[in-house]
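As written, the chains take the letters A, B, C, D, E and F, and residue 1 is the first residue of each chain.
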Amino acid sequence: MTMNRQAFLDHRFLGCQQEPQDAGIWVFGAPFDGTVTFRPGTRFGPEAMRRESIGLETYSPYQDLDLEEDMKIADLGDLDLPFGNRDGCLDLIGQTVGDIVDRGRRPFMVGGEHLVSLPAVLAVHRAHPDLCLVHFDAHTDLRAEYLGEERSHSSVIRRIWDQLGDGRIWQFGIRSGTREEFSWASGGHTTMERFRADTVSDARKALEGRPVYVTVDLDVLDPSVFAGTGTPEAGGLSFHELLEGLLGLSGLQIVGADVVELAPHYDPSGVSTAVACKVMRELLLLMGRCV
Amino acid sequence: MTMNRQAFLDHRFLGCQQEPQDAGIWVFGAPFDGTVTFRPGTRFGPEAMRRESIGLETYSPYQDLDLEEDMKIADLGDLDLPFGNRDGCLDLIGQTVGDIVDRGRRPFMVGGEHLVSLPAVLAVHRAHPDLCLVHFDAHTDLRAEYLGEERSHSSVIRRIWDQLGDGRIWQFGIRSGTREEFSWASGGHTTMERFRADTVSDARKALEGRPVYVTVDLDVLDPSVFAGTGTPEAGGLSFHELLEGLLGLSGLQIVGADVVELAPHYDPSGVSTAVACKVMRELLLLMGRCV
Amino acid sequence: MTMNRQAFLDHRFLGCQQEPQDAGIWVFGAPFDGTVTFRPGTRFGPEAMRRESIGLETYSPYQDLDLEEDMKIADLGDLDLPFGNRDGCLDLIGQTVGDIVDRGRRPFMVGGEHLVSLPAVLAVHRAHPDLCLVHFDAHTDLRAEYLGEERSHSSVIRRIWDQLGDGRIWQFGIRSGTREEFSWASGGHTTMERFRADTVSDARKALEGRPVYVTVDLDVLDPSVFAGTGTPEAGGLSFHELLEGLLGLSGLQIVGADVVELAPHYDPSGVSTAVACKVMRELLLLMGRCV
Amino acid sequence: MTMNRQAFLDHRFLGCQQEPQDAGIWVFGAPFDGTVTFRPGTRFGPEAMRRESIGLETYSPYQDLDLEEDMKIADLGDLDLPFGNRDGCLDLIGQTVGDIVDRGRRPFMVGGEHLVSLPAVLAVHRAHPDLCLVHFDAHTDLRAEYLGEERSHSSVIRRIWDQLGDGRIWQFGIRSGTREEFSWASGGHTTMERFRADTVSDARKALEGRPVYVTVDLDVLDPSVFAGTGTPEAGGLSFHELLEGLLGLSGLQIVGADVVELAPHYDPSGVSTAVACKVMRELLLLMGRCV
Amino acid sequence: MTMNRQAFLDHRFLGCQQEPQDAGIWVFGAPFDGTVTFRPGTRFGPEAMRRESIGLETYSPYQDLDLEEDMKIADLGDLDLPFGNRDGCLDLIGQTVGDIVDRGRRPFMVGGEHLVSLPAVLAVHRAHPDLCLVHFDAHTDLRAEYLGEERSHSSVIRRIWDQLGDGRIWQFGIRSGTREEFSWASGGHTTMERFRADTVSDARKALEGRPVYVTVDLDVLDPSVFAGTGTPEAGGLSFHELLEGLLGLSGLQIVGADVVELAPHYDPSGVSTAVACKVMRELLLLMGRCV
Amino acid sequence: MTMNRQAFLDHRFLGCQQEPQDAGIWVFGAPFDGTVTFRPGTRFGPEAMRRESIGLETYSPYQDLDLEEDMKIADLGDLDLPFGNRDGCLDLIGQTVGDIVDRGRRPFMVGGEHLVSLPAVLAVHRAHPDLCLVHFDAHTDLRAEYLGEERSHSSVIRRIWDQLGDGRIWQFGIRSGTREEFSWASGGHTTMERFRADTVSDARKALEGRPVYVTVDLDVLDPSVFAGTGTPEAGGLSFHELLEGLLGLSGLQIVGADVVELAPHYDPSGVSTAVACKVMRELLLLMGRCV
């Protein structure tokens, strides 16, 4: 079989063309949206990002780094999740992240709804008991329970806190939640900056030398720049504000990361998907700078 | 408080303005799409139909009947379902239908995905042990299980068969399924007409004098006329073919009915929602002729 | 000034490039949708058709005629209507059609909502007192009044009947209206075929030798092929059925015509606009055969 | 009749679930777009906001107030307007607002095009002769007449000025109009800030102790954050800038308010509707703080 | 490296999961739309079909065959074409098809615009000098040249005729072209059925025992069922009519095939893509029956 | 022929109603998108802008100038380009601009993809050998070649540099390109400001008294305000930032200009087209101030 496979298009995230054994970061998609109460569709996020990422350059003028020239990244594809079975989905995600960590690689997950971060963070936590979380989001995600259910997208950070405890979680850009959630957070359980992400440098100092997981719920961005999400919430960060927040983490030991909550169908212009890809590129490159 | 409420728009399905105590048919929405594996969104179906139904007339020139002048129908609204909890949703639907039947009314349910028909049919079956089912659909829905799960939209008719047994189910318009499903059906468990609905008169004869539940998965229609559904399947019925199939049931004792699987967002023209409303109008009027 | 204007794209309906003085048929747009109760947008119809008509050929294999080679047609552009002033709009349309008729040309109007046909037909009627009307539509349009208003899209044919009287109006494809409208029509005021257009040949015989105005409300087509309209009504004609209906009029003396009710925004695929252009092409060519 | 209505979804604006007799603010929709010259569709605004508002929280972290816990608001539904009859529509709006004021409640209207503010403001003015107007908008809306018509969306503030007179109207965010309109305004008839809303505190001082009506034409927002409007005008306010403008009015006696000009179909992402709901929530809460 | 790749989703056309060396039919995409004059976008066709094909079953109740159980098919992916260089693109397609044929496999190509069929047919023709072509299309595609250019989508069948000559080409469903094209065809150069595909059995007899290439321009379908194409042309085949046409070829020696002209973006409902996948499934299975 | 043509709508860009002989600026459209590698559609840009520009006012409160009262501008229409023949298209554009310059007028071109600027700038350069270029863009457009091709949208500024040489090109807003392009630019070949347009005043000083061509690739705007483009790139200019950049050029001798890269179909809200029209209005008025 000598036919030239070079002539055929690849189907992996931009610049993630390494074979797994050669790569230090393993990207995978977790297309799960099973606990969404309002507008579903984040299950289509990873595939849309893979497809549209070719509109981007591999080079970032913000960081002067290139996904192909300066990094070693593999794309494993999307997990084949047992739809309708929430706990089975979360278990498979947790096992996958556990496997990646066990092999000495760092995971980069693409959601899916935010609940997918729960098993991923917990799997990384098992390998890094002093793990801290940096959380960009429009929503608090701190409900004790939601509609009688403890494991939902509205409770994901609260469930992570159950394991990590006080003083481990930094939240940025938060602008929506119940009075109880804001009140609970301000009781010292998490460090929350409302509306903006201007205090990342404070977090950075506190996180120096500790293993960090970064979770970016893309709806932290203003809906003007990121319309493709289930619950758009006005008054968010501009792309530059989020980028500055992320770059403010430069030099930390990022042991895992994810970007979640792109629901591409709600933005027929494709801009949300393009923005998600660019955030992902910058976050991947940041992991390159941070090791 | 004498302010004239006549000046304010009503928010009920076209022609379903009776108070419940005065009505013989109770309409309600079951906005559930929790087991969908491909494209979700039928949760938005009932609300879209309620909103768009005002584009229709209450009078049908096909049946020379009028929803307001000749019928007594109430619209209860949509059920407030516990999202993410499949069994809780199905239980609430079953209780609601059971309540309606217990009060001597006939239920008309608007889905939601097809799995909502399971608890509804079973609740009607409890009151009518010799219940038969007439099923219009593109898909067999006869899987023994799907992805390890017994209660999904792909198995709904099989689960109903578990209770009703052989010789009780007539299927029309079927054009998609596994080889096993088609083979199982042709073993005598259901009476299935593939591709078309030309043999309704045969079913009518067999059903004479027996209580009948009619379930219409709207994707039985060709996607040309009904694009707003999760899994469009080419080669379906025209509107006239479905209408003739339904009117062929005239005179039977229809004790319950539903229309399911409208996912309005996939058809931005609004045609699918309008078609769903017209099917619903004709099926409601048919219930009026049938008692 | 010798710069070559050939290099610049024209902006007229396909094949309607004659100067007015050289043309026997004058096309113009009447972008009015002021009495629409449900979904507006037919105001964008003529412009969309002008723009998209270039996707068609000028040659019809159905009639073996070509808009450019066999016809002399001018496109005057769209009327600049005083929006928000219904009566002013209708007056301007009536004057325009009157002017066209006075100059010995035949008008072809592109709507706009169906009410634009009222002043156009009346202006032609003044020149041809024995005028008859051929009407393709999903809706009866025969209300005595609608929401207290005598001049609306729901009453347009009734208002025309006020002038033309009994025995002058043939209606095809009708499938929506109130019980009263159907009943009134069957009292002998109009000749109505419900649901289909199979009896055009009967009309043709009766119309032989009399001046005829043809009005095509495009929603007579099934919404599968024509989704871009305010009130889609399932169960309509296929394109071929409408075409056969139109060609069945061949040889009559068509002294004016219109196509109305395209609301292009509701069909993002552009199919409705393309279909409208093709209906218009065939109707224009039919006028060529008929003189 | 004991069936549990709790199981059925409500259809009112988020957090406006009080019965009218218990509420101090009465919300209603005025789905009128009859004088629009360019792109219609604001008639769909109130219904879309009612439906999509469930994606918001009732709690505002900006004001630390909650629509349900801290306010008493009723939603009356949408007015059933006589379409095609502009003056009849305006009269019904004026009577409704007059009724609300007469009963000692404060009106909150959801448009519809901006012309609906005219009868609403005049009805409030009859009860509060020293009424002042705060106006957020992209457009001057100060034409003496438009296309020969005095009562159109382009003249609404000019018509209000006819009644209120000089020194009563503050305009913010204005960035589009004719030279004559800008010139007329700067002659002292209104207090206009162009492009921004930085001078609200000046207005606040002047308005202290006087009854104020706040009208928000949502197109004052930049089209990046609010695309769903008929005439998008680049260079507008961010959500935060509008929010700060509104909160700058805190403590004033707001006796009536409206938000207008959402045309939801033009923004298929749903972001514009979500933004409109959030502006409405904040403005409602502001009324709670202001009494 | 033992991580279980079964957990990850595949990215190949439905049922085309064989490794190339094990497969007799090789599928590949040719995402080229470089000569389109009106609405581009067929470049996105193959990728959309690959992604959406999972909504279909592998089993066909029409043919009682299954893509996985009864066939051996490999999907090579999309060609990486040198955009903007028409001749380079066509050359690469021709080489690819030549390679496939040389290895003893049969090619199945997914377009792209119709011009991609030219190099594919010519490459198959080199191996099968007595090759015949069966052509389903709305358009004649027989122009001698178009806008001064000999190699465009409007001339593709004419260019193929240049090589195959008279008596080798059967055309079905044709309903658009210039007078010259129809006239040229009726001069005996091709066998053309206009408007329908009722005479396939005649073609079948003539083609018995000869190598056949089948090219399906999907716009042969009526735009009601296939809206996602650059130049929708009303009056086409229903899905069943096309299916019957294809199945009428059963038993012939099909040595190559393609489906072209899906432009998925023009049909946001996804129906066109689903229809294209179903046509492809049936045509692949037909190749299985035909060898 | 005395029929009043005033009644019919004009089809020219807002405020560009002068006859060519009376106008100093000649606007024309260049609907070319032949070298696009990712998402095509800029061919529809000029027509969309012409159609939607009527939503704008002719008066600019930013510059206190009016397109009709203060300027003399003609709209020639769109060039009728030989699609599929890149070099023929570019030649026709170059000849047209050359003709305009030869007649002593200034050209204003509306793209189309950015490559159309190449022949336009070169034609102006022939008349003004010391021409300088001001370039607003998200992308460097400085590739020596792209996919083996020297004349593509990715190389347009590099090709212009081939003629103009070092020290003649100012670039603003650049945020995407390869490492090589950024490196090449910083070698002194162009003056590039990355990410923003804050240094326009520096350019203005250098350009005083020299002939300037201004090319605005609209994707320099943030995708939040301009989604309708083939390759949206997050992190761009706000409308105000671009406007300030343009107004910073006030007083220079602008001898030609263009706005390019609107692909209107990707932004169904119409905002991108409206924004493009407003940029065009301001740039046209700027040319009025600058002579």
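Just so we're on the same page, a residue touches a chain if its C-beta (ideal position, glycine included) is under 8 Å from a C-beta of that chain, and two chains touch if they have at least 3 such contacts.
Keep in mind the model is a prediction, meaning the values are calculated, not measured.
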Chain labels contacting subunit A and also subunit B: D, E
Target subunit F, source subunit C, minimum contact steps: 1
Type of subunit A:subunit F copy interface by residue overlap (half), same or different: different
Equivalent of A-B within the choices E-F, D-F or C-F, defined by over half of its residue contact pairs recurring: E-F
Between the pairs C-E and B-D, the one where more C-beta pairs touch: C-E
Whole-Å separation of chain centres (CA-atom averages), subunit A against subunit E: 41
Centre distance in Å when subunit B and subunit C are each reduced to the mean of their C-alpha atoms: 38
Numbers and ranges of subunit C residues touching at least 2 other chains: 222, 224-225, 268
Full enumeration of touching chain pairs: A-B, A-D, A-E, A-F, B-C, B-D, B-E, C-D, C-E, C-F, D-F, E-F
Residue ranges of subunit D touching subunit C (in the complex, touch as defined): 33-37, 40-41, 43, 82-86, 147-149, 152, 265
In the complex, subunit C residues that touch subunit B: 38-39, 174-179, 182, 194-195, 222-225, 227-228, 230-235, 266-268
Residue ranges of subunit F in contact with subunit C within the complex: 1, 3, 6-11, 20-21, 28-29, 47, 51, 76-80, 92, 96, 99, 103, 268
Complex interface listing, subunit E residues touching subunit B: 54-57, 59, 61, 64, 66, 69, 222, 224-225, 238-240, 243, 268-271, 274-275, 278-279
